[in-house]
Amino acid sequence: MDIAFYITAAVTLISTVMVITRHNPVHALLYLVISLLSLAMIFFLLGAAFAALLEIIIYAGAIMVLFIFVIMLLNLGEETAAQEKKWLKASVWTGPAIMAGILLFEFYYLISSSDAVLYNEPNIGPRPVALSLFREYLIGVELAAMLLMAAVVGAAHIGRHKKVVLHRFLKEKEMS
Amino acid sequence: MILVWLIGIFMGGGTAALILGQWNKSIPRWVALATALAGFLLVAIFWTNQYQMINTHPSSVWLVDFKRDWISSFGISFHLSIDGLSLLLLVLTCFLGILAVLCSWKEITERTGFYYFNLLWILAGVSGVFMAMDLFLFYFFWEVMLIPMYFLIGIWGSENRVYAAYKFFIFTQASGLLMFLAILGLYFIHGQNTGMYTFNYFELMETVIPSETGLWLMLGFMVAFAVKLPVFPFHTWLPDAHSEAPTAGSLILAGLLLKTGAYGMLRFVIPLFPAAAEQMALPAMILGVAGIVYGAVLAYSQTDLKRLVAFTSVSHMGFVLMGIFSFNELAFQGVVMQLVTHAISTGALFIMAGMIKERLHTRDMNQMGGLWSRMPKMGAVGLLFAMASLGLPGLGNFIAEFLILLGAFKASVWITTVAALGLVFSAAYSLRIVQKIFWGPQDGYGHIRDFSLREILVMTTLTLSIIGLGLYPQPVIDTAAPAINKLVLLLETDKTQVGKVTKPDTQQYLVKKYQESYVRK
Amino acid sequence: MSSSVSTEIVMLLAALLFVLGITGVIIRKNIIFMLLSVEIMLNASGLAFVAAGSRWGQPDGQVMFIFILAMAAAEVSIGLALILQIYHQHKSLDIDKLREMNG
Amino acid sequence: MNNLLWLIPALPLAGFLLLVAAGKHLSSKLVALTGVGSISLSALVTIMIGLNFLSSATDKETYHQTLWTWMDVGGFRPEIALSLDALSLVFVFVITFIGSLIHVYSAGFMAADKDYSRFFACMNLFVFSMLILVLADNLLLMYLGWEGVGLCSYLLIGFWYENPANGYAARKAFVITRIGDTAMALGLFTIYYQFGTLVMSEISANAASVWQPNTPIATVTALLLLAGGMGKSAQLPLQTWLPDAMAGPSPVSALIHAATMVTAGVYLIARMHVLFELSALAQMIVAGVGAVTLLVAGFSALTQYDIKRVLAYSTISQIGYMFLALGVGAWTAAIFHFMIHAFFKALLFLAAGAIIEALGHEHNMFKMGGLKDKMPLVFWTFLIGAASLSALPLISAGFYSKDQILWYAWASEKGSPILWFIAIFGAFITAAYTTRMMILTFWGVTRTEIGHHPGKLMTIPLIILAFFSVVAGFIELPHNFGHFTLFSDLLHRVLPSTVLQADESSEWKFQLLAFLATFGGIYLVFIYYYREPYKIERLRENSSFQSLYRFWHNGWGFDRLFDLVFVNPFVFIAQINKRDIVDRFYDGITSVTEHLYRLLSATQTGSLRWYIMGMVIGAIIILGLQIML
Amino acid sequence: MSENDFFALAPLLLLSGSAVLIMLLIVAKLSHRIIQISSLFLFFISFLSLFYIQKILPYNVGTLLVVDGFGVFIVGLVIFSGLVVNILSYIYFEEKEEGPREYYVLLFLCTLGASVLALSQHFVSLFLGLEILTVGLYALIAYLRGRNHSIEAGIKYLVLAAFSSAFLLFGMALIYLETGTMVFLQMIPESTKSLSPLFYAGLGMMLVGVGFKLAVVPFHMWTADVYQGAPAPVTAFIATASKGGVLAVLFRFFIAIDGFKFSSVMFVLACIAAASMIFGNLLALRQRNLKRILAYSSVAHMGYLLVAFVPGSLMSLQAVCFYLFAYFATTLAAFGVVILMSGKNDDAEDIDEYRALFWRHPGQACMLSFAMLSLAGIPLTAGFTGKFYILATAVQSGYWPLAVILALSSVIGLFYYLRVITAMFAGNSNSVPEVKEKHVFFFRAGMLALSVLAAMIIWLGIYPEDVISFIRLIAF
């Protein structure tokens, strides 16, 4: 079991590193999907099967598709990859990486200085989750609806493709 | 009630001027004049009525008292009360108010409504400062007088007005906030000692303060008053503010605003922190002397007339500081006299500077000279007030400076000796004024008219008052005497108990209360 | 199922992912990559919640994860809408070009 | 009678107020009438009161009148009160009498001036202040008069204000005397805290009981008062203003800078003689100051070109004699010399004024000459004054007064041979410069033509003063010339008599020596300037003599010394600090704040990645704090 | 959920209902005017409902929310802020190129989010409230999507907000891991002296998230850009409602876990407070863009609020309530003037646009002056009383250094507030010709709202007794 966990964890980490270092957005996206899938595996190992499923269906399945959709829409391909290649130089990332390292060290220090607990009763299936979701957290669910409504209204408004007033002669036709 | 009336008259008059100013430019002048006169009459009548009382019952210090709850949650009340000292300064306030209105009669032609609004509100604020017996209320008025002053300098001042206005405002605000902190400190110490949280002056006077804390709190008060007075290293706002302000602004700054600093020291610093004040006496006196000498030296080198006069104020206020911290009756009375006479003499010089500027369109003394032959009346008056500012006997300032020096001499011979140098330096700069403006060769100005009737009226009043005060200052002295005696008494029976103060455990209370009431119903 | 993996290790994994996300946000100039990195961070937080939930044997961790999902979705939808607008206006997704406002 | 006392100062004051208020609208005749009339009336009142005082008052009695309480502050209760005793009577008499004569003279002298009324106003104010000074019953009121005369002196020195030099001289006079005044004020404080009062009679009465003789505090107090006196009376080292004060009109020089104001120091010390007697050291210093001053000023007088400056130095020198007399305890002698000096020095100044005006404002003696025959009246009166000044034996009033001083310098208890020698050497020099002045002005060839002759208004005062310069000496004769002591008898009501250490019978030897000194001086100058002028020419070619001459001419370099030590540093500091160094500190704060602003606002780059970086750093710090704490 | 639950949640229900209702109105293609007026009406109803529910306070709604006096007070402020922004929005958006209707939906949702925050006592509600608010704001900030600044501000806010949300979440997860509960009151640490490292790490990361929302140093850098780029009414909303809600929940959280006794946490907060006061005031010093000035000033003001927060005494809560009240009124007044001054194409941002305003529009100039003076803490205005309250709190508990820093840094603040005022009084009365106002009705309504705000500012400055005693009554 432990072996499975460590392997999955390694896959997750490696694919995540790939995400932030790939030049081609589509490649990065695919690595992210891998990362998400392996994370789902870890959820599963932790006994959170429902979360693992949602991770795959919603995260990898829905949200990532949105990204793909935008990337395709904007036709970000080779050109972007070349650009990214130019931008992603050592001088750009060393500083931030050191900072991140420091932060990681601090995390490590703070997390490891608390007493570690082993998982003994890990299995929490969909049922308790669903129950608490619609009992205890009913208001939360309602609020999440409001959250999504805000997102929908907002995205609809902003995404609506009306054009920029570049110049009145160059005014593009309104699309939607 | 009369006290509320006074503030009310000024505020109401100011507002009326502002509103009526929308229709006509000259109505505000008359409104302001009427308001100032009304205020003056009110106070003057009150004074004459009370004068007998003051003389016959010197022990009853407080003449009239008015108290209403204001913010009772904090123990803040609208508490006005005056004694002889306040009364004198109130009379001065109203008196200078009238003059201020008169001397801006021709000078201010733009936005008269707003101008007189500001002017009268300054007067209201200053009156409030002299009357407030609640420390919060005091601070409130302390600030109220600043904003209109800021506008007065910032809108109607001369070229560099914005800079001067900022400087004035920021200096006074910064120091004022420190004072406010000290007030709060005092408030809580008192509250923790007695369980009664109040800003009432009379209650707070009884506060027992640990000596170290007392020193810090006193310094908080001191800084505000020192900046206002102004005391030597904090004086730099004053020349700028004075020289850029319109005439009435300079008049009120020099005549009233500076006085609030001295008043604050007499009213608050000493009675609230007698022990700390005594610790502070020597440094304060030294600063006073430094101010006397420094101000005088700087005054000597100025070429801008108003700046020069401003520096003389620094010098004169050095006397005030020295007098206050000499802690004896002679010096205190000298300080009171200095407050009154400096207001008149310096005010007169500023008014004169304004008149000259109106005629020559400059404040640069290098461009003046020989004006005596053109304007003998102004020359005579100018000479008189230059003499007043150097402390010529027979004029009010002499009484003041002499009493201060006499009192200070008792406290410290050597400091007084150095301070006496101020007398020599003051001669140097005062005579320089006369020399540069009225004497010397006259250059070809165009036609310059001597005093107009209005100006004669203003100047005659000032002249008569300064001479009157020089020859018979007794009314002023008598009026201030009860308050001063009380102060002296207080210093003699100075209580230097050291109290223990415990820090309250308020935060735990909040948490407990919250947790008790919410843990799972 | 039982595991001998301690919370410490899982949290460490979450922290690693989180820090990788941060690194990504800082080093990338392309807004899409920044959004992706933010998703990594949110995901790491989700992992932390799920891990904490199973450490206490409570469903709350997973519930929180679901809310995080909802939020991520909302976030991404508006974010991508904005990206579309930016691309239309600037013909580029370089975040460093978006610095007209400063001082 | 004593309730009329207030009239004496009030009349000049009334004149002043009238002139100030309505001066513009009065005709010049009315102005003159007001100016002269008020003083003359005051003089009349003085004479009335004086006669009354002499006839009816007992020895120690004073006439006293309280007008009102000036102020009353916790026991400090000075009054506006006048007090007349023998000493002040002498002064009041001199002031009003000579004052009225000079006013009459001025009516003629100033007739052409456009500021006629201002002149009389100032003169009246001066007389008023001077009267207050001498009549005051307490030191504070006296201080009022003391400063008041200073103001008038200032106004009158700078009377012709359009010339900046005059203004400068006026300021110098005021500021230097102010230094003395300040010291005096400190003296007043000391006295107040020692005696609890500033009333002079009370101080005198209590002094002996409060202070042991020669206690330091007594010395210090006396010296502070002396400093006041030195300033007003132009004694070393505060003498430099007086020669410059000659910038004022001649009547002013006569009244203020010769007859009255400059002797205020003498009055002060005489009035406070009790204090000085308690401190031998202080009194010695008084004598020393007087002695040194009389010599220094004498040498300077010897080398001046300007006739008024000669007289000014001579005044300093003569007041030096008075101080010397005060210092050796010859109180009455000092006052006597004051009175005589007032007569002849006023006379000399007025006469000099007449000459100067006649010559078209020519001050330089070397451009005068030969006036003996052209202005006989002026010549003769001037001669009488000069004789008195150089103490021509027997026939001049100056002889009697100065001889007394010389005698006491030797003979009094506190006198000494050195003082005597200086005094007699001073007499020699006095005679010398007086003669030089006479010769240069009246003999020799005419170098400048006379414009117009002085009118009656100017000559009559000259004649009256000349008369007094001769006659006044006879009211006090030494014991070997009849021993007539009218004046000192009067003053002994107030001032103690001098204690002698030498035998009176030897006095004739000293008188003889004084004769010799005087004649020696006259003879020497007569040789050098009249009979054999080539000798002086030859001397002039000598470079060391030249520099000595210049040194003396410039008043022993005191001006330059003061400029170097006090004035220049003061002006320098004032100038470089014109913009107020303290303000730089606040400017510094401002600019630091602005730098901080710029620094911080540079962090607001607008770059999102940078903002995120900021947040990360913040997170690092927050978490790091826990690790470190 | 019981009947009482619904009753207690009436304001929140009304707000969310309004959002839905407005959406329906949009679908019905009603005009801007009608939508505006009806949303105004709905805001008003929501506001009134707060008074209606008062009798059952305090009331726990499940474990997520608690409706108590303090919460209701903050919700009241938030809704009030939404109400005022709503009134002023018509005139602003009517002129703009965008269709303004969705704006109102989002405004309601944001208000809802802030209100939920103020009432939450559970991580879930905290998180959801915050996200509703934030997601709504993403859209609102970038609402004028045709404008570069708007979009730029939107993406900056979005990335940073998501970034900080991640921190917040991670922090919450750590605390959850440590305590095993997400209810504030149940996670009281056992130790009274120091926090366990995990708890501390969680708290620290939450502070990053909260700090971002409050825009305190060092998480303040976005403020100016977002304030500048967002439409003025939205800026007003960000400056007030969003900060009020976050501060409320922060307070609730700290009281619940009694975080005040942990000196290391308080030290961090005190440092943040001090740095915010100093940096905020310094950053605004010579700024010429009014919106940015207000942004930096808000950084400083959050610092002031933290000064009141740090002592954690009974007075802290009152001081924070009172100061928030004063700050809301003042900030809304200031932005109100900006909104009314803004033209079709640009917001009135540059200080120069306010030159001689006093002689052109005395009314607006007066209100802006009052607002500036109040922000500067000058007596006669609400800001002064508020600052007094804060200083009193700090001094009472002996936090002298903070009090002194507050005093001195607010002196720096004076400088730029005065500059705005000076600009308004400078120049000549006849330098700029009058522009005729459009939408007279809404302009008048806006001016009326501003007058009410100005009156509140002065009322709080002169006679704050009523408000103070009211706050004392409701704040526990």
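By letter and in written order, the chains are A, B, C, D and E; residue numbering begins at 1 in each of them.
As a working rule, contacts are C-beta pairs under 8 Å (C-beta built on N, C-alpha and C of every residue); 3 or more make two chains touch, one makes a residue touch a chain.
Owing to the predicted nature of the structure, the values given are computational and were not obtained by experimental measurement.
Colleague: What chains do subunit D and subunit E have as common neighbours?
Modeller: The common neighbours are A, B, C.
Colleague: Supply the minimal count of touching-chain steps required to go from subunit A to subunit D.
Modeller: Tracing touching chains, the least step count from subunit A to subunit D comes to 1.
Colleague: Measuring between Cα centroids, what's the chain most distant from subunit E?
Modeller: Following the centroid criterion, the farthest chain would be D.
Colleague: Please identify the chain with the largest separation between its CA centroid and the CA centroid of subunit C.
Modeller: Greatest centre separation from subunit C goes to chain D.
Colleague: Quick one: which pair of chains has the most contacts?
Modeller: Top of the contact-pair ranking: A-C.
Colleague: Using CA atom means as chain centres, which chain is nearest the centre of all the protein shown?
Modeller: Of all chains shown, the one whose C-alpha centroid lies nearest the global centroid is B.
Colleague: Measuring from the mean C-alpha position of subunit B to the mean C-alpha position of subunit C, what distance in angstrom results?
Modeller: Centre-to-centre distance between subunit B and subunit C: 63 Å.
Colleague: Taking the mean of the CA coordinates per chain, how far is subunit A from subunit C in Å?
Modeller: 5
Colleague: Averaging over Cα atoms per chain, report the distance between subunit B and subunit E in Å.
Modeller: Computed value for the inter-centroid distance: 41 Å.
Colleague: At what distance in angstrom does the C-alpha mean of subunit D lie from that of subunit C?
Modeller: Taking the average C-alpha coordinate of subunit C and of subunit D, the gap between them is 96 Å.
Colleague: Considering subunit A alone, which of its residues make contact with at least two other chains?
Modeller: Touching at least two other chains: 96, 99-100, 103, 106-107, 109-111, 114, 137, 140, 144, 147, 150-151, 154-156, 158, 163-164.
Colleague: Which subunit C residues touch at least two other chains?
Modeller: 7, 11, 18, 21-22, 25-26, 29, 34-35, 46, 51, 53, 55, 58, 60-61, 63, 67, 71, 74-75, 78, 82-83, 85, 89, 95, 98-103
Colleague: What are the residue numbers in subunit B that touch two or more other chains?
Modeller: Not one residue in subunit B touches at least two other chains.
Colleague: Pairs of chains that touch, anyone?
Modeller: All touching pairs, sorted by chain label, are A-C, A-D, A-E, B-D, B-E, C-D, C-E, D-E.
Colleague: So in the complex, which bits of subunit D are touching subunit C?
Modeller: 601, 604-609, 612-613, 616
Colleague: Touching residues of subunit C toward subunit D in the complex: what are they?
Modeller: Subunit C residues touching subunit D: 22, 25-26, 29, 34, 95-96, 98-103.
Colleague: Flag every residue of subunit A that touches subunit D in the complex, lowest number first.
Modeller: Interface residues on subunit A, with respect to subunit D: 96, 99-100, 102-103, 106-107, 109-110.
Colleague: What part of subunit D is in contact with subunit A in the complex they form?
Modeller: 613, 616-617, 619-620, 623-624, 626-627
Colleague: Within the complex, which stretch of subunit D touches subunit B?
Modeller: Per the touch definition, subunit D meets subunit B at residues 20, 24, 68-74, 76, 80, 118, 140, 143-144, 146-148, 151, 154-155, 158, 161-164, 167-168, 170-171, 174-175, 178-179, 181-183, 185-186, 188-190, 192-193, 570-571, 573-575, 577-578, 580, 582-583, 585-586.
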